[in-house]
Structures are given as C-alpha cells and as structure tokens.
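Shared chain: subunit A. Partners: subunit B in the first complex, subunit C in the second.
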Partner chain A sequence: MTTREVRNFIIVIMLFVLVALIPLGGSGYWLSIGVTIATYMVLSTSWALFSGPTHYISLATGAFYGIGMFVVGGGIEVLPYWSLVLIAGCIGAVLAALIGLATLRLSGVYFVIFTLGLAEFVRQIVTWIQTTMGTSSGLYVLTDLNDTIIYWELLALGAIVYLVGWWINRSRLGFALRIIGNDEVVAVHSGINTAYAKVILFVFSGTVATIVGALLAPRLSYIESNIAFSPMLSFIVVITALLGGAQKLWGPIVGVIPFMLVWDFLSATFPNQTTLMLGICFLLIVYAIPNGFAGLIEKYVPKMQGRS
Partner chain B sequence: MEILIGGILLGGTYALLAMGLQLQYGVARIMNLANGEVLVAGSFGAFWFFTAAQVNPVLAIIILAPAAYVLNWLIYRFLLQPLVKRSKTQGHLEVDSILSTFGISFIFIGLLHTIFGGEYFNYEYLEIPYEVFGEAYGINRIIAFIGAVVIAAGLFLWLSKTRSGLKLRAVSVDPASARLVGIDVDKASAMAFSLGGAVTAAGGALISMFDTFDASIGVVFTMKALIIVILGGVKEIKGTIVAAFVLGLAETAVATLIDPGLTLAAAFLLFILVLLFRPQGLFGREAS
Partner chain C sequence: MTGISALSVRNVTKNFGGLIAVNEILFEVAEHEVLGLIGPNGSGKTTMMNLISGALKISSGNIRLFGHDISHQSASKISRYGLARTFQLVRMLSSMTVLENVSAGGVFGHRKLWGSDLEAHAHDMLVKVGLGAATHQPIYALTYIDQKRVELARALMSDPRLLLLDEWLAGLNPSELQIGIDLINELRAEGRTIIIVEHVMDAIRSLCDRCVVMNTGIKIAEGTPQEVLADEEVIRAYLGDDHA
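Showing the complex of A and B:
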C-alpha cells in the first residue's frame, strides 16, 4: 500500500466509527433516517458493483429484498433469527445464480425486462402459496432487535460490501468486468469468460439484497407481500446509485445521503406525488448528470486544484 | 373450448399492443418502457369520453389515437431524439432510453394519479352476454377483439403494401443504409414511434371496455407486450401476432384452471422458457 492509500484507509475507518456513533446521540429521527440511508447505501453500492462496470440495469433488488423478508417471516417460529439470515443469503445466492445463468448470456434489454417482472412474479407466487395453503396474508416477526442494532448490522454489512468491492476492483475479476463494460466483443476475444464474471457479481449483489431484506424484517414486525415486494425499492436503488455515479465504489453513497434526506422531506410534504417526483429524478439524471455526482467531482475537483 | 375462445379474444388485443411496441423498438430503436402508461392513458381517455360525454369507446378511438400520436411525437422529438443523437452505440442508447422512459412512465402514472385518483375504474358498455359454442362472452369483449383485429390488419397492410410502410421497414432493417437510399431516418423513426404510441392508446381504449384499470397498472401491460415481442422475435410482425395468441391462451388457461392471480406469473414462465431455449424468439432468425 502507498502512503496515500494508508491515509485514505484511516480516514474511511474514522468516518465509519463516527457514523456508527449516531444512535448514541439519542435522536429518534436521525436514527430512523440513518437506518433508511444505511439500507440504501448497502443496496446501491452492491447494485453498482454489478451494474456499474457491466451496464446491465438490474431491477431485481426488490425481489431479493422481499424474499429475504419472507424467509425470516416464514421461519421465525421454527429457527433462530441468525440462522434465518444465513439461509436467506443462501437462497438469494442460488436464485441469483439461476437468474444470471438464464439471462446474462443475452443482451441487456432482456435482462432489464426480466428483472422488472421478477418482483411481481415472486409476489404472485408467494400470494398464491399463501392462499392455497390457507395461511394468512401477513407474517409476524417479533424479536427484541431494535433500530440501533439493525443500524449497526447494516453498517457491518456495508463495510463488508466495501471491502469486497475494493478487493474486486484490484483483482483480475474487476479488470475483466471493466473490459466487458467497455466492449464485450473485445472481452470475449481476449479470452475472458464474460458470463462467469457477470454471474459472480450478480450473485454477490443479489445475496446482499436478500440479507438486507432479512435484516430489516424485524423492523417492520408485520410482513405482507405488498410491502415486502414494493416495486419502488428497486427504482430508488437505481436512482441513488446513478445519481452518485455507478462507476466508482464510493459513488452510490454520495448519491444516497442527499437523495434520502431530500426524498424523506418531499415524500412527507407531498405524499401523493412521489411517483411523479421519481419520474422527474430519472429524467434529470439521464439528461443533466449522466455520470452522477462522482462524475462531476472527478471532472471539476482536479481543475480547481490545478488553479489554486 | 371456453379457454380457447377466451384466449383468442384476449390475444387479439395483445397483438395490437405488441405491434405498437414492435414499431417503437423495431424501427425507432427505443425500448419504450412507458408503453403501458400510454395504454392506460388511452383507457382513461375512453373512460372519460364515455362517462362525461356518453361517447362510445370505439368512436373515442378516432379522437384518442391522433391525440396519442401527437403526444408521442412530442415525447420522441424532445426527450428521446437527443438521446439517439448523443449515444455512440446501440447498447448505450438502450441504457439511456430505458432510464428515460422509466422516468416518463413515472410522470404519466403521477399525472394520472393526480387527475383521476388511485381507485380502480371500469364502466359498463354493452355487457350483454353473447353465446359462442354454448359459452357466453360479453359483447364488449367481442367488439374489442374485432376492433383490435381491424386496426392490426390495417397496420399490417400499410406496412407491407405502401411506400411509407416500406420506408419504415427499411429503417428497421438498417438505418445507415436506409439513409443512403434517401430515406429521412429521423422522420421515419419519429413516425414509427408516434404510430406505435397511437396504436397502443387505441388498444388501451379497447381494453377499457371489458377490464378494470387503475393509474399504476401500465407496467403489467408493458411486461406483457415485451414478452410477446421477445416470444415472437424482434422485428417479426407475423411472429408477434402468433405470440400474442400464445400468451392470450396461456393466460386464460392458467386463470381458468389454476388461479386468476397467477396470470402474470404464467406470462413470465413463458418468458423464461423462451430465454432458455429460443432467445431469438419463436420466429426470429439466428443472430449472425
């Protein structure tokens, strides 16, 4: 490691500790929005690990998240909570591998369409199983985990995602992914197993999303398919990641924090206009900041440093 | 028999929707994920004409389709054409157009939600049972089917027999070569996109005659139209029509035999099978 890397590493650890201290401040509002931000930080960063380099837009986050919730909801009376989180992660990984193997050989459009329908598909199946088995439509998850613990769990998961992302960027896999993103034909001709590289990353991001769902299940305490498989979740993940900039590991978090603060305020002030605002956000990102905040920072910061 | 006829009736309207999307994706090369919202806007238009002015939905199409044409032209000209000009590759355009049409679809949903509210809508138009082979079907469903077939047939003839139809097909095959033989590709793309929107809105008006709808149901129709297009093969109009009936039959079969809540799941299963075994579509040619 160079001195610069060591310095950055220390700064990151200090920031991490500082952020981890937020629940001790005792403010319920900041803790609650902290949990939301931490959730989307983990989801967006893991989303960008896959979609950033490959340019495949995944809308499957909501499906994985919902599955995680339902694994916990369905098994909480039989198995201890911690084992359920692990089981949820395994189910997410297997499912992501199957989806990846089926769709990632094809062009990006098929993948987007497939993942767009996935959450609704899983929701219909879950609802159908519940009605045919005659169980009620909701499940209770009652544990003694409070917001503070959930927040720390999410931060720990976030730290793992960052470490894995940092490692991938330095590894052969990350290099392969960047080539695939630039030109898939070139990648194939240089002997890169493109399907394998894409599936590995998709499995990682799917597993993380499933675990996030499992971690957040105790927070909702009552799980219903309409809430667990909310289509909004996938879209907000895409927006925050693109707003921050999906090409950089630290991009999504630059998008998540301002977006969630503004979004929290706007959706509280205009509760009926959230879809309309989401639409405007999408258009703004595509037309005004196609490379996200990270792209803007990379473009302007060196200029300013050059001048001073 | 009941499944067969029900499926064919449903498939007729699906064929129309998928042809609309086919024009937009095949010719204008825009993967329009706001397609379903244009459809729902058509449904709301027909609903509004019927309840406020007692205009019958079939006649309302005469006003709604040109209105949708103009609206889609504006969307293409001002929101999508800049993206077409900006993008260097087809892949880049796909990502951009997917994101921006998502944005457009959310704006549609938001506006419809603000104007009409979030409830489910339907109206009663010719809900008289009519017997076909011993089973009763609403006359409104039969009229919707006939309307869809007439519009789809007209569109098909126009595309295959007229000069302007030929232009669109040329652009669909190869935009660069089309330019060489003196076709204004920008104009043809804008036309295909707007025409696709008009056809979709007409389909929406027809569907509203027999189905309930709400402001956020569009995505379901987008999914179905996309699945049909992929099932039939991109740029294969004939394949699209066959695939629409396959989907109509599959959905009706699942709804009648298993559970009406699983129709989208059935469509999705079909989609997975196609992706696994015939990614170029039932009638598509092998990619070279």
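Showing the complex of A and C:
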C-alpha cells in the first residue's frame, strides 16, 4: 500500500469508530436516524457494487429485504435469532443465484421491470402463505435487541461490505465488471464469462439485503408483508446510490446521509405528500447531478487543489 | 498449405429465419498463414467472422480451432483457446483509459496477466501499434485510426493463435493505410495466423497468402490473390456481367 492509501485507511477507521460511538451520546433521535442511515448505507453500497459497474438497475432489493424479515418472523419461536440471520443470508444467496441465472440475459429496461415484478411476486406469495397457513396477517418478533445493538450490527455488516467492495475493485472480477458495463461484446470476446461475473455480484448484493432485513426484524416487532416488502425501499436504495454516485465505492454513503436527513425533514413536514416529494427528489438528482456527489467531488476537488 | 491446420470451417451454414447469410462454407487456414476473406458488400464475410469468433451461433456445420471443436462454444470460451478479433465498427470501452482498454484483452482470455506484468505488457503493445505516448489518455481524445490501433493492441494482448481483423483498414486515409498495412505485415512476419476481411485490394494483394471469395453467402473462389482476382466469377460478382 502507498502512504496515501495507509492515510485514507486510518481516516476511515477513525470515522468508523466515531460513528460507532453515536449510541453512547444518549440521543434517541440521532440513534433512530442513525439506524436508518446505516440501513441504507449497507443496502445502497451493496446495490452499487453490482449496479454501478454493470448498469443493471435492480429494483429487487425490497424483495430480498422482506424475505430476510419473514425468515426471522417465521422462525423466531423455534430457532435462536442468530441462526435465523444466517439462514436468511443463505436463502437470499440461493434465491439471488436462481434469479441471476434466469434474468441476467435480460438487459436494460427489461431487467428493471423484471426485478420490480419479482418484488411484488414474492410479496404476494408471502401474503398468500400467511393467509392460508398462518393465523394472523403478521408475525411477532419479540427479542431483547434494542436500537443500539441493531445499529452496531448494521455498522459491522457495512464494514464487511466495504472491505469486500474494496477487494472487488482491485481484483480481476472488478475489472471484468467494468468491461461488461462498457461493452458486453468486448467483454465476451476478451474471454470474460459475463454471466458468472454478474451472478456473483448479484448474489452478494442480494445476500446483504436479506441479512439487513433479518437484522431489522427485531426493530419492527410486528412484521407485515406491506411493510416488509415496501417497493419504496428499493426506490430509495436506487435514488441514494445515484445521488451519491454509483461508480465509486464511497459514492452511496455520500448520498445516503444528506438524503436521509432531508427525507426525515420532508416526511415530518409533508406527511401526506412523501411520495410526491420522493419523485421530485428523483427528478432533481437526475437533472442536476447525473454523476452524483461523487462525480461533483471528483470534478471540483482536483481543480481546487490545482488552484491552491 | 504451409503447416498444420489452425482453423477448419466445414460446411458451415447460418440462416436468420428464411435468409441464408452463410451457405455451406468450407475452407481451411494453415498455421502462420494470412487468409483474406473478400467479397462484395452483403456477401456474408462479417457473419462468417462472427460465427468463427462465437458472436453468432452456427445453424449447421462444424468449426475447429487448433483441434478444438468450437462450433457451439461461447465467445468467451473460444477466446481462451487463442482467438482474438477486432470489430468492423470499432468498439471502445469509453469510460476507461487507453491503457485499461488494451489491458482488457490480456486478463481473462488466452493470456491471464495481472498486476505489473499486465501493465508492462499493455504498454509494450501500445508501443508496438505506435501509441506509446497515449497510454493514460481517455478514449474520446483519440482519432479514428488511433482507436483502431487500441483495438488491435487489445486483441494482441492475449497473444492470439488466430487473429481476426474485420475491415481493420477501412476508413483510413492513404498515409494511414500504409501505416496499417506495415503493422499487419509485422504481425505476419512474427508468424501469426490471421484472417483479414477487407475491401482494400492493395492490402489484400500485399498481405494475403491465400483468399477465399464469398458472394451471397456462397464461396465462389479460393486461391492466391492473383488467381482469385483474375477469376471470371469473382469479377462478375464485384463488377457485373459486362466485365467478365
């Protein structure tokens, strides 16, 4: 590693420790928004690992997240919570592999629509199972895990996602994905097994989203399919990743923090128009900052350094 | 025949629905040979190239590359057997630098380089095609011939046993054309096996050991460039009945 990389690494560790200390501040508001930010940080970053280089926009995040919640909800009476998180991760991985093998031949808008439909399909199946086999429309998840523990779990998962992402970006796999995103024909003629590369990344992001769902289940206490499979979640993941910049590993996090703070303000101020506000945010991002904050930073920081 | 068979194309047919683009084509390419695949526009030359490289699937027949049956293999598999190509319309990885564009050819295919080996080799290839100074430029800064050079360097990165050049010389001005011909001649001198699809007859005459001429999907002639260009059927295909 170069000295610059070592310096950046130390800065990241210090920031991480600082962020991990937030629950000790004792403010319920900041802890609560911290959990939300950590949730979307993990989801958006893992989403961007797949969609950033390949330009395949997946709206299936909500499906994986919901499955994670329901695995915990369905098994909490029988199995210990920790094993359920692992099982949820495995189920998410298998499902993502199946979906990936079946759909990654689709490209562009067909893939987007498929993943959106998939999320709704999974939700309907879960609802159907609930109403035919279950006794109530929801499931209780009662544990003694509080927001502080959940927040730390999410941070730990986030750290893993960053390490994996950092490794991928330096590996042949990351290079392969960038070539695929540029031109798939060149990719296959260079010897890249494109299906394999795409499925690996799709499985990783799907697994992470499922685990996030499993980690957040105890926070809701009562899980209903309408909440667990909210399509809004998938859209927010895409918006925050684009706002930050999906091309850079650290892009989504620069999108998630401001977006969530503004979003919190908007949903408190306009409780009945949140979807409208989400739409306006989306339009503004696409028109004003197509390359995200990361793009802006990359564009202007070197200029400022050149001037000084 | 000057050596062992590098590529053998046996009765290969490709139809798109009712349209037969390539019809029962049969030819061999020997190792170290430079074969020209020529014919008027729409005669199926590029389709033939796409069938060999795996970009298109053949409808019937059989293709073997250095003994491997590649008739129904994916393009990525075929490239690992040692085939590399350029495209009729230049394909650049536009968000990457020149060096990365070239490197892309040497990581996953016939050669699997990485790290400093990869960078050094990519740099050598850029020097070889005459682009040593452009290493870290973005792709959009390059002229058309320089983009073609990048594509050739990318193909050469895998140290291909068979190189397909699909109209690599098209669209170049006379001085660029001479540079291009010299470059291919260098590759020929290295002993590479090459198939060239080309309309530039000067290039065909000076580069090719042998030519296969196609018209409307059928092979109409085969032989040395002098032979086939004097062939009545070939002249008829290019110029019409009056000239034959």
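The working rule: the second predicted complex is superposed on the first by the 307 of 308 C-alpha atoms of A that agree within 3 Å, B and C clash if a C-alpha of one lies under 4 Å from a C-alpha of the other, contacts with A are read in each partner's own complex, and residues count from 1 in each chain.
Heads up, the rule we're going with is that a residue touches a chain if its C-beta (ideal position, glycine included) is under 8 Å from a C-beta of that chain, and two chains touch if they have at least 3 such contacts.
Remember, it's a predicted structure, so these values are computed and weren't measured experimentally.
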{"item": "Touching partner for A:Leu276 - first (subunit B), second (subunit C), both, neither", "value": "first"}
{"item": "Subunit B versus subunit C as contact partner of A:Gly191, first or second or both or neither", "value": "second"}
{"item": "Dominant toucher of subunit A (residue count), subunit B or subunit C", "value": "B"}
{"item": "First (subunit B), second (subunit C), both or neither touched by A:Gly108", "value": "first"}
{"item": "Touching partner for A:Lys299 - first (subunit B), second (subunit C), both, neither", "value": "neither"}
{"item": "Partner chain(s) touched by A:Glu120 [first = subunit B, second = subunit C, both, neither]", "value": "first"}
{"item": "Which superposed partner A:Arg7 touches (first subunit B, second subunit C, both, neither)", "value": "neither"}
{"item": "Subunit C to subunit A touching residues, read off their complex", "value": "53-55, 74-76, 79-80, 84-85, 87, 91-96, 100, 103-105, 107-110, 114, 154, 158"}
{"item": "In the complex with subunit B, residue positions of subunit A that touch it", "value": "55, 57, 102-103, 105-110, 112-114, 116-118, 120-121, 124-125, 127-128, 131-132, 231, 235, 238, 242, 272-283, 285-287, 290"}
{"item": "Touch list for subunit B against partner subunit A, complex", "value": "31, 33, 79, 82-83, 91, 94-96, 98-100, 102-111, 113-114, 216, 219-220, 223, 226-227, 230, 259, 261-262, 264-265, 267-268, 271-272, 275-276, 279"}
{"item": "List of subunit A residues in touch with subunit C within their complex", "value": "172, 175-176, 178-179, 181-183, 185-194"}
